[in-house]
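As C-alpha cells, the structure follows; a few thoughts come after it.
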Amino acid sequence: MAGKQTRTGRPTGLRLFRNLNAKVAAVPMVLTTLVVFVGGTLWTVLYSFTNSKLLPRMQFVGLDQYKRLWSNDLWNAAIWNLAFYGVMSLVFTIVMGFVLAVLLDQKIRFEDTFRTIMLYPFALSFIVTGLVWQWILNPEMGIQEVVRRMGFETFTFDPLHNPSTVLYGLLIAGLWQGTGFTMCLMLAGLRGIDEDIWKAARVDGIPKWKTYVYVVIPMMRPVFVTTLVIVAAGIIKLYDLVVAQTSGGPGNASQVPAMYVYRYMFTAQNLGQGFAASTMMLLSVLIVLIPWAYLEFGGKKHG
Amino acid sequence: MVDAAIIITPPSVAVSAVQPRGAKPKARFSGSNIMLYGTLFVVSVYYLLPLWVMVMTSLKGMPEIRMGNIFAPPVEITFQPWVKAWSEACTGLNCDGLSRGFWNSVWITVPSVIISIIVASVNGYALVNWRFKGSEVFFTILIFGSFIPYQIMLYPIVILLRELGIYGTLYGLILVHTIFGMPILTLLFRNYFSSLPEELFKAARVDGAGFWRIYFQIMVPMSLPIFVVALILQITGIWNDFLFGVVFTKPETYPMTVQLNNIVNSVQGVKEYNVNMAATLLTGLVPLIIYFVSGKLFVRGIAAGAVKG
Amino acid sequence: MKNWKLAAGLLLSVALPSGAYATDLEVTHWWTSGGEAAAVAELAKAFDASGDHWVDGAIAGGGDTARPVMIARITGGDPMGATQFNHGQQALELVQAGLMLDLTDVAVANNWKDVVNPISLLEGCTIDGKVYCAPMNIHSPEWLWINNKIYEDLGIPIPTNWTEFVASAPQVDAAGKIPLALGRQPWQSTLAFNAIAVGVGGLDLWKKVNVDKDMDVAAGPEMLKVFQASADARKLAVKSTVQDWNQATNMVITGDAAGQIMGDWAQGEFAVAGKVAGKDYTCLPGLGLNAYLSTGGDAFYFPKLTDPDKEAAQKRLAALLVSPEVQVAFNLKKGSLPIRGDIDMSAANDCMKKGLEILKSGNVVPAGDQVWSPDVQTQLGDMQSEFWSGDMTPEDAQARYVEILKTGL
Amino acid sequence: MNSLNQTATQAAAETTAVQTHSIQVKELTLSFGSVSVLKNMNIDVAEGEFIVLLGPSGCGKSTLLNCLAGLLDITDGEIWIKGKNVTWAEPSERGIGMVFQSYALYPQMTVRGNLSFGLKNARMPKDEIEKRIARAAEILQIEALLDRKPAALSGGQRQRVAIGRALVRDVDVFLFDEPLSNLDAKLRSELRVEIKRLHSRLNNTMVYVTHDQIEALTLADRIAVMRGGIIQQLAAPQEIYNRPSNLFVAGFIGSPSMNFLHGATIEGGGAFQFGRTRVNLAGYEGGAVLDRPRAILGLRPEHLHIQDHAEPGLTIPAVVEIDEPMGADSLVWLEAEGGLKMSVRVPVERRMAAGTEVHLKVDIPKASIFDTGTEQRV
C-alpha cells in the first residue's frame, strides 16, 4: 500500500502516490477512454476532413465530404429511415415494455414462465432475429401464405418487399428482440415503488389505471429516462438487424446510417466519406446524450 | 446486442423486489382476469412464434418445407438438417459446419467474459470508493463511449491492434471485447457498488484492509447479483458478436456467428431453410440455455437493485 | 503427396528456394456459391498436389462483405497468404502503400506478357511497371439467361435477343411466371443496367461514357434510351424479391422465372444443377443485341509476408494460378473465360464457346470495375438499387447518374 | 469568525492545560473545489476525554470525524494523535477504532469474522486474536452471537458487535459516528448508558458525533457545537447549557428552546427594554452589557417563574395560551407583548387555564444577552 509509512509534514509530492493501487487499477479505464474513445473519435473526426480512400491519408479537403454527404440521397434516406424507425421503436418499446410489466405485476400465476417467454429473444443476436423474421414474413411461405391457405386468397402481408412498409417489418423484429428487456427494467421499477403508495391509492378510492397514470408513472420517471437512453443508444447503432433482415432494401427503403458508414468506408473505399458520416452519427449521439446528462447530473453536485 | 445499460441501485429492496406489487386481481374468472390472461397469451404467441418456426423448420425435409406452411409441425421428423448444420454444411471448401466455430466461440468467449468483467468491476469499485482527480471525467467519457456505433471505432481499433502487434490474435479479440464491454459493465458495477453502504468500505479501511483486500473480501462477496447480470450479458453479448468476430479473426478462428453467416449466405443451389434454421438454433443455443436456466437470476439481479436514472 | 515430383517439375520455371515445400497458405475469397465452390476446389486441389497446403478462407455474402474483412486484415498487420480482388482499382492503394508482394519475377519467368489475353487484364495488375496480381479469369456480365422450357410450354419461340424477350414478357406473366429474375443487391441492379447499356446502347455509347468519360454523352438522349429500357425491365422484375444472385439464377433454373441478366458465372449454377446449355437454357451474350462483352475479372493478390518460406509459396501459387492446367480446370467449373488464349478449351460448353469467340474477335470493352473507382461503383449501386426497386423516372435517374460519374472524374 | 475560533481554542486550552493531548487538530481545513466544508479548525482532546461533536445535519461533524479517521484527505492543516502527526497516515495506522451509524458489519462474515477481520489484516497471531475477541465479547456480552451472521442479529446486537469491532483493535481513540441513530428510543437510552459505562471502564478517548443533544449532554466531557463547518463553542455540557457563547448554540441546545426577546439594552447596560416592558439586568453574569440599540435577551423556560402580580423591572406580562403536561413537569406556552411566544416550565400540578393573565419573573443571573448584530453573548 502506498500509505505504509506514517508521513510527517506536507507530502505534496507524495500525494500522487496515495492510493496507488486504486490508480494502477484505473489504468485500463483511463487508457480506454483516452486512447480508444477520445483518441479514436478525434482521429475519425480529423480524417473526415480528408479525401482518404482505401487508406487514411492526410490530404485535407475541408468540408467537401460533408457537402457530399448531405447531398447524397442515400444518406438522407438513411437518416429519415432511422428517425422514423427510432421514434416508432422508442414509443412502442416503452409502451409495450411498461404494459407488459404492469400485466406481469398483477400477482398472476406462472409469472416466471411468461417472463422467460418475453425475455428469451434478448438472448438471441440481431442476426438470428433478422433471419427468422425474414423467414416468417416471407410471402411465399410465411404468414401471408398460411393465411391464404386458410381461404383468404387475397390476403397480403408482405412488409419486407414494399418500400413503404419495410420499416414496420424491421420494427416487428426489433420489438420482438428488445421489449422483453425493457419489460424487465420496468418491472424492476414497478417493484421498487413503495407498497404504501398502493395502499394509499386504495384507501383514497383511486381506480387502478389512474393510480398507474398519475402516481406510478411519474414516480418511475428515472426508470423511463434510463430505458429511453438505452433504447435510443441501441437505435443509433442499428445495423445487424437490417443487414440480416433486409440488407437495406427494397431499394434503399431500409438503409440506416450505420450501414452507410460501413458501406462507404469499406465497399466504396472512401474512408473520408465514411468518417464524415460517422462524425454525423456521433453528433446525433451527443444530441441524444447531452440533454440526458443534463437532466441526470445537472442539478445534483456533491449530493 | 442491445446495449444493456442496466442501472442498479440499492439492494435493500431485493427481498421484496421479486414479489408482485400491483393491485390484486379480482376473482379468478372475472372478466378482467380473462382479459389479463388472454392478453398475456396473445403476447406469448408473438414471442414464441419465431422459436416455434425455427424448431419446426429445422426438423423438416426440404420437400415438406416447399409444400407445407412454416407453422405446421413436421409430418416426418428428420434430424438431418441438424447434422448437416453441425458438421457438414459448406463455406467455400470447408465442409465441417458449425462444429469448429463452436469451440472457437468458447475459446473467445470464456477469457473475454472473465477479463472484461474483472476489469469493469475493478473500474466500478475504484470509481465509487477510490475517487481520484478526474475519475468522474473518465467515467463520463466512458459512458459517452457506450453510445458510439462500433463501425465508427473500427478503423482506429484496427490501427491500435496493429501497433500493439496483436491484430488477428485471441489477445486482440479479448482486448476489443474488454474495451467495448467496459462502458456498460463499468456503469453497472459503479451503480451497484455505490448502492452498497459506504460505511462498510470505511469500516474496512479502519480495519486496515487495502484496495484489493476490500475488493475481494468485502465488495465481491456482496455483489453476487450484479456479477450474475454482468456474466449473462457478457456471455450472450460476446457469443452473439458478429462484427468483431469477422473483422478481428481469421478463418481458423471464426466464431460460430461468423460461420452461421457464412453457412446461411453460402447458397449452393436452393436455400436450405431447414439447415439454416438448425444452424441458427445451434448458434443461439448457448445464450438461450443461459437465459432459460438463469433468466430468473438475471431478472432478480436487475430487480435486486431496481432501476434508477 | 503423390504428385510431389510432378508438381515440382511443373513449377521448375519459378525460382524456388530448395526444401521450402509444404507451406500453408491461407487464401481468402468470396466464392461460395455451388459453381464457385467447385471451381475453388480445383485451385486447392492443384495447390495441395504441388506439395503446399491451401487453407481455405471463404467469406460468404459477396465481395461487399468480404473485402472489408480482407482490407482490415491486411492493414491490421495480419495478412493472409493470398486474396481475391477484382481487377482494377480495388487494391490500388494497398499496392501503393507497399503492402502487396511484387510478382514481376514470376510474371517474367512464366512469360505472362505473351500468354495473358486480353493483355488489358495483365495491365490491370501492373502498377508502375510492376506486376502485383495474378489474373484468374475473365468475366463478362452482359448475358441474358433464359429458361427454354417456359417458352416451349407456352408454345412461343425462345427469344433471341432482349427486344424479343421484352415482347414475350406479357405472355410469360400471364402464365404465372416471373419474366425477369433480379436479385435485390445494389451490384446486381448496376449489372443489369450496364448490360442493357451495352446491349441497347451499343459499344460506342459505352466507350464514350465509360472510357472517354464524356459527360455530355452520359447526359444525352442516347443514354436516356438506356434508362427508359431499364425502366421497362424493372417492371418485368417486380415480383422477384430474392437477394442473392444465385437465388435469382435458381428461379430461372427451376422455371419460376423466364430469364435473368447475369454474368457468365451464372453458368456454373446451371452446370451444378445438371442443365445443358442450348437444350435446357439459352444464353445470349450482349443480351443478344450487340456481341460485345465488357471484361473484368478476378485476380489474386499476395500481401507481403515476413516469412521467406511463405513468400516463396505465394510465388508458387501465383505461377500455378496462371498455368494452363489450372486455368482450364478452374474456368470450366466456374463458367468464366480463361485468361490465356493458348489453351485448349474444347471441353467448354455452348455458352462458354460463344464467349470465347467474342473474346477472340476482340469485341471487348473494359468493365466498370476497371474504369471507375469503388467509390463511384458504390454510389452507382445505391442509385441503381433505388431505381430498380422504386418508381424513379428515367430522367431523374439519368441526372443522378451523371452527377455520380462526375465525382469520379 | 476568527474571534469565535479563538474563544473555542482558549476554552479548550484552559480545560486541558494540565492533561496530555490525545488528539490535536491544527488549522484543519477541508474543501471540495471551491466549497469549504470545514474551516480552520483547532481542537485539542485530552487523554481519556469524551468529546461529542454536536450540530444540525450538514454542519460538518461527521466530515470532521472522517477526517480524524483518515477516511477523507484534508486540504490543509494537521492532525496529531497520541503525539504523532497522522495527517497522511492510513486509517488503520492511526490507532483508532470506529463505530458507524449503520453498524457497517460485513454481511458475509460471522460476528467472529467481523471482529477478527482487522486483526487478521494486521497479521496478528491467531491466539492473540482469539484472546481479544473473547475479551470484547465478554465486555459487550455477545459471546453467544459469535458464530452468527449479522443478518441474524437484532439492531442492538449489531451495534454491540460494531462496538466490539472497535474494541478488539485495542486502541486509545474511539470514534463514534451517530452510533445510536438507527435504534429505537428504549434501546438507544440503554446503549447510551452502556457506552458511558464502557468509557469509564476503558477510559480511552472517545469522539462521538450526534445530532441528539440528550446524548451529548449526558455523555460528553465536553461538547463541540458545530455549524457550517465551524466550531461554535467547545465546552463542558453545563457551560454550553448555561452560558451559550452565541445565539445559535443557545437556540440549538435545550428543549424546548430558549425564549428570545428582541429589544435593546439601555441605561448603560443596566436594563433591557422590549416594547413597553423593561427588565432590570442587575445580577447578569456576563461581560459589559453596555447600551446596545439591538439586543436579544435569552431566557430558558425553567428560568422564568409564573406569578400573578407584576413587579416592575422584574416581570414580563403575558397571557396563557396552552399548557402541556409532560409527566415530571409541565410546559406552559404564553403570549407576551407583540405576539411573542414564550414557554415556561412549571411543576406539573400547577394547571393554567387559557387566557389567564400572568406575570413572568425573570431569573437574571441565569439569563443570556446577545448582540443582535454579532449574535455573540455579551
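Residue numbering begins at 1 within each chain, and the chains themselves are lettered A, B, C and D in the order written.
In this section, a contact is a pair of C-beta atoms (placed from the backbone, for glycine too) under 8 Å apart; a residue touches a chain by one contact, two chains touch by 3 or more.
Since the model is a prediction, treat every value here as computed from it, not as a measurement.
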{"item": "Farthest-lying chain, centroid of Cα atoms versus that of chain C", "value": "D"}
{"item": "Pair joined by the larger number of C-beta contacts - A-C, A-B", "value": "A-B"}
{"item": "Chain B-chain C separation of Cα centroids, rounded to whole Å", "value": "40"}
{"item": "Whole-Å separation of chain centres (CA-atom averages), chain A against chain B", "value": "15"}
{"item": "Euclidean distance of C-alpha centroids - chain C vs chain D, Å", "value": "90"}
{"item": "Contacts with two or more other chains, residues of chain B listed in rising order", "value": "154, 159, 261, 264"}
{"item": "Chain C, residues touching no fewer than two other chains", "value": "68, 72, 75"}
{"item": "Touching two or more other chains - residues of chain A", "value": "1, 262, 265"}
{"item": "Residue ranges of chain B in contact with chain C within the complex", "value": "90-94, 154, 158-159, 161-162, 165, 167-169, 246-248, 250-252, 261-271"}
{"item": "Contact footprint of chain D on chain B as seen in their complex", "value": "197, 199-200, 202-209, 213, 217-218, 221-222"}
{"item": "Residues of chain B defined as touching chain A within the complex", "value": "1-7, 9, 13, 16-25, 36-37, 39-40, 43-44, 46-51, 53-54, 57, 65, 69-71, 119, 122-123, 125-127, 130, 132, 135, 138-142, 144-157, 159-160, 178-179, 182, 186, 210-212, 236, 240-243, 257, 260-261, 264, 273, 276-277, 280, 283-284, 287-288, 290-292, 295-296, 298-299, 302-303, 305-309"}
{"item": "In the complex with chain B, residue positions of chain A that touch it", "value": "1, 19, 21-23, 25-26, 28-30, 32-33, 35-41, 43-44, 56, 100, 102-108, 111-112, 114-129, 131-133, 135-136, 138, 141-142, 145-146, 149, 176-178, 180-181, 184-185, 187-193, 195, 198, 202, 208, 211, 221-223, 225-227, 229-231, 233-234, 236-237, 239-240, 257-258, 261-262, 265, 271, 275, 278, 281-282, 285-286, 288-289, 293, 295-296"}
{"item": "Chain B partner contacts - residues on chain C that touch it in the complex", "value": "26, 28-29, 31-34, 37, 40-41, 44, 54-62, 65, 68-69, 72-73, 75-78, 80, 244, 246-247, 250, 254, 269, 272-273"}
